[in-house]
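Heads up, there are several structures right after this.
Each of the next two complexes has subunit A plus one more chain, namely subunit B in the first and subunit C in the second.
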Partner chain A sequence: MDTVFAQTIINGLLLGGVYAAYSAGFSLIFGVMGVVNLAHGELIMLGAFTSYWLFTYFNLDPYLSAPFAMVFLFLFGYVVQKYIINRVIGQPHIMSYILTFGLHLMIANIAIKIWTQDFRSITTSYSGANVAIWGLNIPLARSVTFMVALFMTWGLWFFLMRTETGRAIRATAQDKEVARLMGVDIRNIYAITFGLGAAITGLSGSVMSPFVIISPEMGLEYTIIAFCVVVLGGMGYMPGALVGGLVLGVAQSLAATYLNAGISVAITFIILFIMLVICPKGILGKGTVA
Partner chain B sequence: MNSRIDRIILVIFLGITAALAFLPNFVESEYLLRLITVVIFWIGIAGCWNMMSGYTGYIDFGPVVYFGIGSYVVAIAMTKYGIPFFPSLLLSGIMSSLVAFLVGIPTLRLRGAYFAIATFAFAEAMKQITLEFDRTFSVSFFQGSDGITLPISGHDNSFFFYCVLPVTFLVVLAHYFIEHSKFGYGLKAIKEAETAAEISGVNTTANKLGAYVSSAFFLGLFGAIEAYWITYITPSDVFNVQKTVQMVIMTLLGGMGTFLGPVVGATFLTLISEALGARFVEYYLIMIGGIIIVAILIMPNGIIGSLKIRKKFRFI
Partner chain C sequence: MVLKNFRSILIVMLVCFLSVGVARAADKSAWKIGVAVSLTGVFGKDGSLVKDAYTLWQETVNSQGGINGAPVELIFYDDKSDPATTAKLTEQLIVSDKVDLLLGGFGSSQLFAASPVAEKYQFPLISGGASSNKLFERGFKYYFSTLGKATEEVRGCVDIFSVVTPKPKTAAIIGADILFTSLACDGFKKYCQKNGIEVIHFELFPMALQDYNSLLMKVKNKKPDVLLVGSHLLVAMKTVKAMKEIDFSPKAVAFSYGPTVPKFVEDLKGDANYVIAASEWTPNMPYSGKVFGTAGDFSKLYIKRFNRRPDYVEAAAAGGAVAQQQVLEELGLKPPLSKENRIRIMEALHKDKFETFYGKIQFGNDGANEAHPPVAVQIQSEKLENVFPLDFAEAKILYPFKPWKER
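Let's turn to the complex of A and B:
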């Protein structure tokens, strides 16, 4: 097989793994609460910064600081949902978009105020490392993120299917009134769901930190990609984020190799638009449709 | 009672517009005239969004695409084909509404978040296409990130004031007709319960498409005026998602689906950013974020919407 083609596909799959890792939380939050979280990229940013500071001050490896990012983001997400977003649940969806956009502006700009607009990066011993197999280069750090995405999708599925809290979350997603009558504390479940979504997003931000540029303004583009990924895979369907991420990653990678890098972004949005118009339920046809 | 209040407000509105038409004769300061023009400009743009999304409840997250198409049509018509400004302006509006018609037919079938994301995706795709088209196909048409420089108009600020004022006037007047026509009742019925509206005989597709296309027409005009005013456009400027956000926030602050909502919201936000933006540059966006959050939490219906509920006015 053509080496360039094979390398393109591998790059695409690894990129897709990264996309899948940071989009799963977006899908969870939308699936359960119908909230399109426009501050999603900021959660990634906070996760990446947690790793950055722990690396800078304590020389802690980003993979070891990931649990700290998870805990921090869980608490952050829990509080935000409990005291802010819960107050617009039940109102038209536009309220939640605008509210989370307000959060996006506040978090990003406070972060700029505290950490300045500087671009930062974490340089570990394995940051640029590649494994060469049959003349193909496989970046190490991205492969780890790919594994994390797989593991996270499985873990989330396990949590939702096999635990009592997971059952309560699924019940709330299906019918919140009936769930409430069955004794589920809806507001608490919402807060836990948002916390959980934030935690896995923070985790992905943390495991991405060895190979991405970290800056307070990084969030918005990640939010936009997460949008695309989740729509491709089917909104609210957990494994969809994985499928959508891989498809988008490969499509972008092919466009970047055979056309040019700029047009690959255009192709992302064209795919997204066509997908929504033809099949809003996503590639697997399992997403929820309003 | 209500319709009498409505009529009084219409008269007041016509009076204010007529008075504004003489404004450039009295305002000495160019800065003040420019500021007033910007306020009127944003009232019109926010009004365009309100016409579609405020009344039907379909949240359009990509209205900026029609603004951008307007800017590019006027720029290409003037620089490449040498068409004068006013015919190009009309062409911008027509092109924008034509695109809106073609895009509206498939997208308006989508509901809720899906419509919002589809419109957003379309706007971003258009931005990327204008950015990368020339480089990908080795031509010189949109001129990508280099942008297009329009012919310098040589007109002063009052010229643009008189360009913006009538368009905004038409947008606000269109709101009045939406409030008082079968078409407008149809739009409101779509917002309340689309399926029920359809069963009751409202041609929902035609109504939505009508609102979408007319909003795109006016946005195209505004885009063209701004392009000629600033004389230099790039895709990342005219298709900037920030513009969409501003329209949405202005309308929401004022009150969605109300006649005066965009007027109040746009005036309020433009003046606030003028006052805060200059003095607290570093904290400005944090404050805007805070204002948005507080406004949503304490006044989910906007300034006008809250008054409307309290005073039971239909209009204000």
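Let's turn to the complex of A and C:
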């Protein structure tokens, strides 16, 4: 096979892994609560900053700080859902858009006040490390993120299918009235779901921190990509984030290599448009929201 | 009860309103100078550097007794990196805040939007953070820039290759598709041709690009001798990260802007070494003038105040403020300024030559600074060193770029 083509596919898959990692939480929150969380990118930003500060002040490796980011973001997500977003559950969708957009602005602007506008980057001894196999370049940090995406998708699936809380979450997603009649504490389940979504998003922010540029305003572009990934994979279908991420990553990488970088950004929206028109249930046709 | 609350709110509002009025009245004799600059958004960091530069100028001038006896008061507004907002805020400064003068913010797109407003109200607008050629091609009389034109600014970054061995033969040029960086790419191309370097790849990409790896991999496969990047800070940081990830080591890499901002080296550490960047000023240049003394004095003052070395854009911004101040002193003006006086200031800015810590400033008919040699700096052992032109060089250029795997 042509090396350039193979390299392009590898780049695309690794990029897609990154997309999948940070979109899984978006998919979970949307699937269970029907909330399009426009503050999603800020959760990534907070995860990345958690790693940045632990690295800067305690010299803690970003991969070791990932659990801290998860715990911190779980608590953050739980509180935000319980005291803020729960108020608009059941209201028209527009209310959750307005509320989460407001949260996006608030979190980003508070972060600017505290951490200033600086662009930050974590440079560790292994930053940018890569291996060459058969003339193909494989960046290691991205490969780790790819693994995390796979593991996260599997972990989420396992949690939702095999645990009591997971079953309650699925029951709530399918029919919250019946779930309530069966004794499920809906508000608590929502808070746990949002907390969980935030935690895995924080984790992705943390494992991405060695190779991205971190700044308080980084969030919005990630939210946009996450939205596209979730639409591609099928809204409300959790493993869809992995499929959507990989497809988008490969499509962008092919466009950047064989066309140009400008098209690679545009292609995201072209695909989004086509999907919404032709196949609103996602590539696998398993989305629950059309 | 509700009525009572309402009344007390009204009283509080009235008191606030009056106290603002009193505060304004007290400052009537001060120079009110307005700046619409990006403090948030993509240029938030670059814009806040410009704000620091003006703040230091204000503090220094006020400690020296102000301009013609009147202290300087600066009003900053954040344009959120949005050119339409810059234009709106510039108008607000002139019409609502009734400022005496303006100073320019950061970014060519921002200044491109702000300058027609300044032109309309006949307010001189000097910027130290915008250099796109298009700014100077509109026949404006009130817009000035202490930087050279964008296409000329990068000249040092290419001319430097005429003094290295082996001389590079091919170059790849990439850059963000916005006003300044795309012009910087044009400048790279122009000077590559003049230096006999063949451009084998030229590509502009949107600022929103997340995947630099695929783009740079494509460039790497063409094996250019040097990589020239039309960049701002964020683009420059992302490029270096991606170059290392895909193990791309050309003989040299040069950026139009970014590496001179201290954060670049602070966070990228050793990965920033060998990087070349365009500059127009470094603290070791043999310049001096009123207000700040020599280039070195300015740098020392900056380090004392902000705990970091000034970037050339900060020097250029402060240099513009000093030039405007020199005109006010020469004409013996006092606030508030009339329209006639602003016209006189504009005429003097076109006519005069200014000796400052930033070097000689001489505005051409189009408002661009014509008296400035472009400089190339290189990061060596995590420090910025002036390497070109050779007359001002602090250190010898390190060439070729040390491959990532050998570092």
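Basically, the second predicted complex is superposed on the first by the 289 of 290 C-alpha atoms of A that agree within 3 Å, B and C clash if a C-alpha of one lies under 4 Å from a C-alpha of the other, contacts with A are read in each partner's own complex, and residues count from 1 in each chain.
FYI, contacts are C-beta pairs under 8 Å (C-beta built on N, C-alpha and C of every residue); 3 or more make two chains touch, one makes a residue touch a chain.
All of these numbers come straight from a predicted model, not from anything done at the bench.
Chemist: Let me test your reading of the model: by the given contact rule, A:137 touches which partner, first (subunit B), second (subunit C), both or neither?
Modeler: second
Chemist: Could you say whether A:265 touches subunit B, subunit C, both of them, or neither, answering first, second, both or neither?
Modeler: both
Chemist: Identify the partner contact of A:211: answer first if only subunit B is touched, second if only subunit C is, both if each is, neither if none is.
Modeler: second
Chemist: Regarding the shared-chain residue A:102, is it in contact with subunit B (first), subunit C (second), both, or neither?
Modeler: Only subunit B; A:102 stays clear of subunit C.
Chemist: A:15 contacts which: subunit B (first), subunit C (second), both, neither?
Modeler: second
Chemist: Tell me the contact category for A:7 with respect to subunit B and subunit C: first, second, both or neither.
Modeler: In the superposition, A:7 contacts subunit C only.
Chemist: If you stack the two complexes on chain A, which partner ends up touching A:127: first (subunit B), second (subunit C), both, or neither?
Modeler: Once the two structures are laid over each other on A, A:127 reaches subunit C alone.
Chemist: Look at A:87 in the shared chain and tell me whether it touches subunit B only, subunit C only, both, or neither; answer first, second, both or neither.
Modeler: A:87 contacts subunit B only, not subunit C.
Chemist: Of the residues on subunit A, which ones does subunit B touch that subunit C also touches?
Modeler: 109, 260, 262, 265
Chemist: Report the residues of subunit A in contact with subunit B in the complex, numbered from low to high.
Modeler: 30, 34, 36, 84, 87-88, 91-95, 97-99, 101-110, 113, 224, 227-228, 231, 235, 259-260, 262-263, 265-266, 269-270, 272-273, 276-277, 280, 289-290
Chemist: Subunit A touches which residues of subunit B in the complex?
Modeler: Going through subunit B, the ones touching subunit A are 53, 57, 59, 61, 106-107, 109-114, 116-118, 120-122, 124-125, 128-129, 131-132, 135-136, 245, 248-249, 252, 256, 282-283, 285-286, 288-293, 296-297, 300.
Chemist: Which of the residues in subunit A end up touching subunit C in this complex?
Modeler: Touch residues, subunit A against subunit C: 4, 7-8, 11-12, 14-15, 109, 112, 116-123, 127-128, 130, 132, 137, 139, 141-142, 211-213, 215, 217, 221, 225, 249, 252-253, 256-257, 260-262, 264-265.
Chemist: Touching subunit A in the complex: which residues of subunit C?
Modeler: Touch list, subunit C to subunit A: 39-42, 44-45, 48, 174, 177, 203-206, 208-211, 213-215, 217-218, 221, 233-234, 237-238, 241, 244-247, 263, 267-271, 404.
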